[in-house]
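Labels A, B, C and D are assigned to the chains in the order they are written; within every chain, residues are numbered from 1.
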């Protein structure tokens, strides 16, 4: 692993694109060789085209990179493309790259529901990486498309997986309080959200109700057998910069003690193949015992923003349990998740 | 009704006390004759003792009133006391006043659970005012204690009542996104809530899970027979100034269409005896049909802050329905609610 | 004045357009007969085309009005047009309307610097309305263009006028903390301003340094003789919804006591011709004596949002005085100001 | 320098105390051996007594430390005490410690104005450390008191020093937009500052108008000869978590070009003795050339929060120049500044 793999960031100007650049700067396995953007930015230096919004500075190595189009001839030999493209653009670009032999690790929702596209949280369903074999055979591709789920599904699914392994999950009610960065930039107007709550996010509830079922499902010779779980969601936007909070009620097959539940979270490690990668969360799940945690401002950077943080685990009078889950939506829930997926892909010998 | 009843506001300096003063200035039935406060403010003019935090100006009539203690000899002949006292102070002061012949309309939680104390939302359970007869007989009082519920229970219970009348409510899951003014002043430190969510409010979940059961119950000769409904709550504090939002899932005895549900909200009027009072909400329930409403910033002043606003009514895959409820926590959920209770008390001829 | 004048609101969908509609609903002199919008909204009902963002509800009378283009044939006989158009559109539309006999009361900056266009704050320079005679003669118009200043210039200029009348103003240093609504809708992205200050507003400092000089100038037979005052400004955007705060240092020709300065503010009435109009601020200037006022949240609605609020008047060691000025940027500083201008125009018999 | 000096943090529970703990964890020269607190926390473990509010986690090494009183017998042999005490407590405690041979690096304002107490920003006036000799002689102390300035004075003074060295500063007008963490915890109530500006901070303007004069003065055999500069300040609180922004106008003895001014900032290094310490800011001053920078959210962590960031340098029509200065108020402006002072003290051989 001495030699770093050349990678590109597609859609480098946006909020997720920026997070990719922030995270990839000193990555042990990957070296950024290209940044792509939409037409009006092509040909400009990254420092001139990008309205940088992260509190850490734009890395010096990225400043002078000249933005290129998102096609195979413009990405400077990158073998992996991290895609922060809007779903509408991803729809055409991602399969074209896969066909051309490139591995696309995508944040876009365009292909998450395809039967042979893994929807991956390595610490949850790392073994779903095996779908790549089906995908490459089905399409005759050398490359591949890997996707990571919606940012609200992410923390929720990690927590559900720990519970499902120990006690069996049957029903889930989830109410999210989601951060502004999840809407991208410029995203939510300040006049809409200061002193306010927006009690809906377009298309989000469908994703939260469906994506975990695929991730908690079993890989078969012909795609994923969906988990037999029912999920019902409310999604809300609140005046938080980063970090999605989800209030969860679950019905389990068993009725464990609170202590047993907290232990199941703390001891959860995920599949072996996902345990020792550079981006493996440490801890995978953190449990807070205070009465008012997790909180986005205080807990979103747990495990460098890759951990799922659970708290307020208590009995529910209607279903079995209730608790609160937090995860960092642009790190674990977006750019960091894609990078973790690429690491898994690489470690499994899929990169030719 | 030509002559206005003399009234006092107990705990006039706090955020609910201020809202009482803002609402009582031009009330047709009541005239404020005394404002009370804790020791260090007694003897000061209201304008000098109170750190006014409402965006409407402190009314000129209140500025020069000298603050007095909360006892029967210091309230200048008031027949009704609106109590914005902390629960610990209310515990001793409110029954002492009732014993002395005063009617106490209280926001404090101290006596809400007493068998003969009505927990009142007139548009929900106006007939519970009849408990006053039991209360006065039990204690030998000429006066009385009336309570209004916790601010989060308020809007939720109004919506549940409309559903219960039409379709029968069996189970309720409620997740609140509560405003800062609900914590009083100084209340929540800014460093705790800007760019943050606090996923717990001490004691609030118990109130939200219990109070609606009493209000939706039936009055008997010996207190209230509690409603046979199960409620499970998560309560959260968010960076909103006024207006509590609640995401609700309900299981009903029937399975009505969305149209039927919306109509049940729109057509709900509440008991006749509560319909034509000065503070009767108009409408009792407003229904918003947009995909992202109600919102606290835009909808909290519906019906001068007395209406309950419902939106996003849709089918639930686990229980029967899900929707969002909003109400103004310091108007309908506190000061305005107490005043409405006093109006009901008066209209029923209880004031001697 | 029995009969109301028919008026139109140009650019009715934006934040200033909405404020016009909110203020004009029960105006004694004006009746809205048309609302205009840009191409993609034309033909739609106002309630369907407008994303309403004010906390008061959209008035019922406006909901069903069908949006039309901003030309003389589409405004349903309106004699006065209140313009909330972007400067680029105002540039062509406003003179075309004036040429067609319409009176345009404009918030746009396009014509503020024209020699024969009054830049009006009636309580400051009501007599500048006389420029209309020069304007109509110069252009051969029956109609006219009246402008109101930039929202930050507004409160500052009212305060300076009171000081100038009493003590002579020579130099002014102004640092603004401006509200989000001043940037229109969608305006400032939430990710840019929560937990942040933006220390510049494009083009704003030039306006704040120039506009007061015209308004504090003298009308001559050939335009306005600019006031001999130097102004230097910093403009900042802060996380406030409505209400611009300005920290001011001034050098005066005299060295009055603080009491004399406060009295000069309190006693300031402005020109007689502007004193008894429906929108005349009451008070014209309010003075707060607390150590931490004015504050936008608490003071922006003084005089229904039309008053200028001054506080913290104290000696300055470098210039003569320092103080803080607040005014409501979308009421006094935009829509309310335009309406006040139209009232003055009408009262002076200019409307044929 | 192999052996670390044992140090204590006085007032460890507060917001500045927490920042000390966050910064001292892996300091090359200092090792924390004691944390002190007020009476009701004494005897408790830090993790149980402290309401931690920083987004980085409480360091594991601090969690188990048992809080002690702030006296010489309770600080476990610490040679340096970093004081985050309130001014009223610092008044008695700090000289008692100095008398007992301890070096106190204080954030409190209690002794900043003493003739023989250095008010230190090492990169500005490192040579003022020489006052320690006078102080120890005057009081017969083995220990010493070193102070760092008010958080708003800090960034302003660094910028003024660079200008003064190059062009001579004569007059300064400063308007601050200060962060919430400057008021400590719980500090500013959320209801006071969301959707608001508070246009005053008690006692702050006096500090901003006086402290820079001492720091920009010359050390003599008998204290500091104050700089001959006039400063006038407005101070405001805004809804920002960390990072004070100051809008500055200055009159200089010369009239340099903007380029020359920017170079004077960029090339400023400060006294040699302060240039190579562990906390020396790198860069000392950063210059931003964008039209809307510095911004607290984006620039407060420049140089790990120790740099002063300047932007928008432009000509002023009344004084000579105007610009914007930003610095991190709890790092450079408080805990980080005290640590830098201690490093200077140590490097100059004052620690016996």
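Quick notes on this one:
Here, contacts are C-beta pairs under 8 Å (C-beta built on N, C-alpha and C of every residue); 3 or more make two chains touch, one makes a residue touch a chain.
Bear in mind that the values here come from a model prediction, so they are computed numbers and not experimental data.
The minimum number of touch steps separating subunit B from subunit D is 1. Following the contact convention of this document, A, B is the list of chains adjacent to both subunit C and subunit D.
Of all chains, the one whose Cα centroid sits at the greatest distance from that of subunit A is C. The interface holding more C-beta pairs in contact, when B-C is weighed against A-C, is A-C. Per-chain CA centroids place subunit B at a distance of 40 Å from subunit C.
Each chain gets one centre point, the mean of its Cα atoms, and the points for subunit A and subunit B are 42 Å apart.
With centres taken as mean Cα positions, subunit C sits 48 Å from subunit A.
Across the assembly, subunit D contributes residues 53, 194-195, 239, 241, 297-298 that each touch 2 or more other chains. Residue ranges on subunit A touching subunit D, taken from their complex, read 52-57, 194-195, 297-298, 300-302. Those residues of subunit B that touch subunit D in the shared complex are 15, 53, 180-181, 185-195, 239, 241. Subunit B makes touch with subunit A in their complex at residues 171, 173, 175, 177, 194-200, 202, 209, 230-232, 234, 236, 238-241, 245, 247, 249, 291-298, 311-312, 316-319, 322, 324.
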